[in-house]
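Two complexes, one shared chain (chain A), two partners (chain B, chain C).
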Partner chain A sequence: MTRDSYASVAIRGSILYFVISDMANINSMYQNSLQFVKVLFNKAIDATPKNEDLDIRLKDLIATITKAIYSNISRGLFEADKLIFTYLIATSVNRNTGVITPSGWNTLLRGAMPLTAQQKDTKPLNPMPNTMNDLNYAILYSTVCQIEAFDGIIPDMKENIDNWTNWATSSNPQDEKLPGDWEETLTDFQKCILLKVFRPEKLMFAFKNYVRVHMGQYYVDS
Partner chain B sequence: MESIYVDTDQLTPLIFILSTGADPTEQLYKFARDRDMMENLGTISLGQGQTKKALDLIEVSCKEGHWVLLQNCHLSQEFMPHLEKAVLKLPDNTEMNPNFRLYLTSTPIEFFPVSVLQNGVKLTTEPPRGIKANLKRSYAEISDAWLNDCKKEAIYRKMVFGVSFFHAIV
Partner chain C sequence: MIGDVFLSCACISYFGGFTGTFRNELTTKWTFEAIERGIPTGEEFSLIKVMGDPVQISEWNMNKLPSDTVSLENGILTTKAERWGLCIDPQEQANKWLKNMFKNDDMRQITFATDNWLRSVTDCVYNGKPLLIEDVHEHIDPSIDSILLHQEFLDEDGTWKIKLDKEEPYPYGDGFKLFMTTKMPNPHYPPEVCIKVTLINFTVTSTGLEEQLLGDVVIKEKPEVEEKRLEIVVSMDRDQKTLKAIENQILKLLAENEVEQILDEDTLIVTLEQSKVTSGEINVRMADAEVV
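Showing the complex of A and B:
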């Protein structure tokens, strides 16, 4: 049916609405009704220039709707909360498409997960005890157990300890390339998890980069 | 202001969310002057005994198509239920003039009526960040006449700068 081909636009609308309603947990003034968001949504549809090509039409709709709703809500947020809002939109979109897995998301938010008895028995020694404390190593090991993309990273750290130490102790690791192939094999989101392990204080900058890459410059200039 | 104004209408209030050191009143007054609405803008600073005055002002302004600014909702918890009722009743008002606008200011508070928040346009106001922006803001409020008013001009200006600078960094 014709209307099914517009599902992607509806999905974006629903993602945006649920991020907006979550914002009320941060500040009780950040309340927006579904009705209010729907009005913005419909206005943005009317404002989107028409296009015969369905793929372009869908892209235009999603872009216009996201921008219109973001601008409207964002000006009602305090500066400190704006990045959280855009980062939540970016990650929610990627969680919806599966680019970000539930285990990845949980690790970033909550840190190490409980290990099975077997995982505990086979846990290697901390490969970089001088740069990574045991608590942070627990996060890394838990990540390796859960996300395939991280397979082999612990032996690699041991082998190329100088490269890894340079990266982890550089002044802005979020802007530097990871050692070896890891720069290519890990997604932007998985790099955020590595940053959480080594340099959690740089995460906000990494989130900003993430929003810029996945949504555009417009969403980081407030 | 202009870009936000188009998103409001006679049924959609604009809520300024305040933070310490920021006051949007002047901003709104300037906008009202630009639109020749200054004469028709009624301002009430909420506090004890203002409930009836505020409700009457809303009612008259709906009819006349005036603007209403209710300041400091956070200081008047007892007025909030009245405000909620008044806003919910707006769509049923048969004498509604489409020029009517309701402006509210409040710091973040728990007791602000959710229904008003949910359907209103919200705007945060924050003091400028950084020393330069702060100094500029302080100086924007100072007139030449005021600066020249003192006989010991040089000392006075230095003092003004010193105080402004101090104000910017605390």
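Showing the complex of A and C:
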């Protein structure tokens, strides 16, 4: 159906609206009505340059709508909250497409999940007790239990403990490559979880990188 | 089926305040319990299928009620519930829909802060007009309690009356309807309010919003497609109405006739022919709708 081919645009609009309405939880001053977002949405459609090719047209539409709504809403945010706003947009888009799984998202936000009895019994010893405390190791182990991509990371840390320690103690781990194959096998978002385990204070910088890679430079310059 | 009707009652009484996911969870649980206890129930229960009237639903959609499941259920709750509806409506969608629906019925819109609002209430009760109270907060003024609790009674002279304030009973107009909306996104109503009203959660859902935005995009991008779609919706609506009218007519003619004479009755034959033609036309239009 002709109508359904535009669904991707509508989905982006709806994601943006829900991120905007979530911002009210951060600061109750951030109130934006659905009507206002709809007006921005419609104006952005008018402002998109025409293109005969439907695929290009859809891409253009999504890009302008995201940009227009982002710049209008972020104008009204405090500097400190702008990064959260863009990071929420980037992750919500990727959560919608399934690139970020619910379990991954939960781990990043809330840390370790409760373990089953079997998982508790088979929990190996902390491979890097000097760089990782038990609390953070619990997050790592719960991630390994839930996300397949992390399979085998604990034995690998034990084997290549020097490489891992170097990475974890470097001054900017978010810009360094991970040891071994992990740089390729983990997604950008899963790397954020690793960073939360080893160097939570660097997460803000990692979020900024994430937004730059997934949405563009425009969304990091404020 | 008995179970379906039973579950519909349960839904109307209890699930209005919840969001879509919770509603689904509740109905699955209830259906399971009903089957467990041997109450005859359809395989998959849907409030819209049991209680919804397609003609009415398309009318609601034309009046700007979003067409996703939750909104349609809300429509049913608002119109079918025994207790008057209190809509949790932060995006003002219920508000817009109600205003469109009763545009021609001379609906009064008030808030509890309007001057002389009680005067408007009594007017509406007296004249049997719909009444919309907007911006209701967590406290509902007790002066309308008798309306909320349906304390109208049949007077000695054979008319319905209701007591408001401490004055003489007012005549209770037939067409009187009361709706309340609140803009608060997550209100906490005390039990004494909950038992007087039907809470209906109109908060927008992602599927609902996608549907609405899709409409917006398509209007801008391919106005002819959206126009055609609306045209089809309207004409299908009209078709369904005619079909229903014809059905009723056939039934009426059948009831009025002696059994032996059925084949001699010209009007009946003509009506039957007509219904065949109409349903043929509808099928063609349905095929058209698929393409769009």
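Annotations for the structure displayed:
The criterion applied here is as follows: the second predicted complex is superposed on the first by the 222 of 222 C-alpha atoms of A that agree within 3 Å, B and C clash if a C-alpha of one lies under 4 Å from a C-alpha of the other, contacts with A are read in each partner's own complex, and residues count from 1 in each chain.
Everything that follows uses one rule, which is that a residue touches a chain if its C-beta (ideal position, glycine included) is under 8 Å from a C-beta of that chain, and two chains touch if they have at least 3 such contacts.
The structure presented is a predicted model; accordingly, all values stated were derived computationally and were not measured.
Shared-chain residue A:75: touches chain B; no touch with chain C. After overlaying the two complexes on the shared chain, residue contacts for A:125 are found with neither chain B nor chain C. In the overlay built on the shared chain, the residue A:29 is in contact with chain B alone; chain C does not reach it.
By the touch criterion defined above, A:13 lies against chain C but remains apart from chain B after alignment on the C-alpha atoms of chain A. By the document's definition of touching, of the two partners only chain C reaches A:42; chain B does not. Contact comparison for chain A: of chain B and chain C, C touches the greater number of residues. By the touch criterion stated above, A:3 is placed in contact with chain C alone, chain B being left untouched.
When the two complexes are superposed on chain A, the residues of chain A that touch both chain B and chain C are 33, 35.
Across the complex, chain A meets chain B through its residues 27-33, 35-36, 72, 75-79.
Residue ranges on chain A touching chain C, taken from their complex, read 1-3, 6-7, 9-11, 13-15, 17-18, 24, 33-35, 38, 41-42, 45-46, 57, 61.
Only residues 91-92, 185, 204, 206, 209-214, 216-218, 220-222, 225-226, 229, 290-292 of chain C touch chain A when the two sit together in their complex. Residues of chain B touching chain A in their complex: 4, 7, 15, 17, 19, 106, 108-110, 112, 114, 117-119, 121-124, 126, 129.
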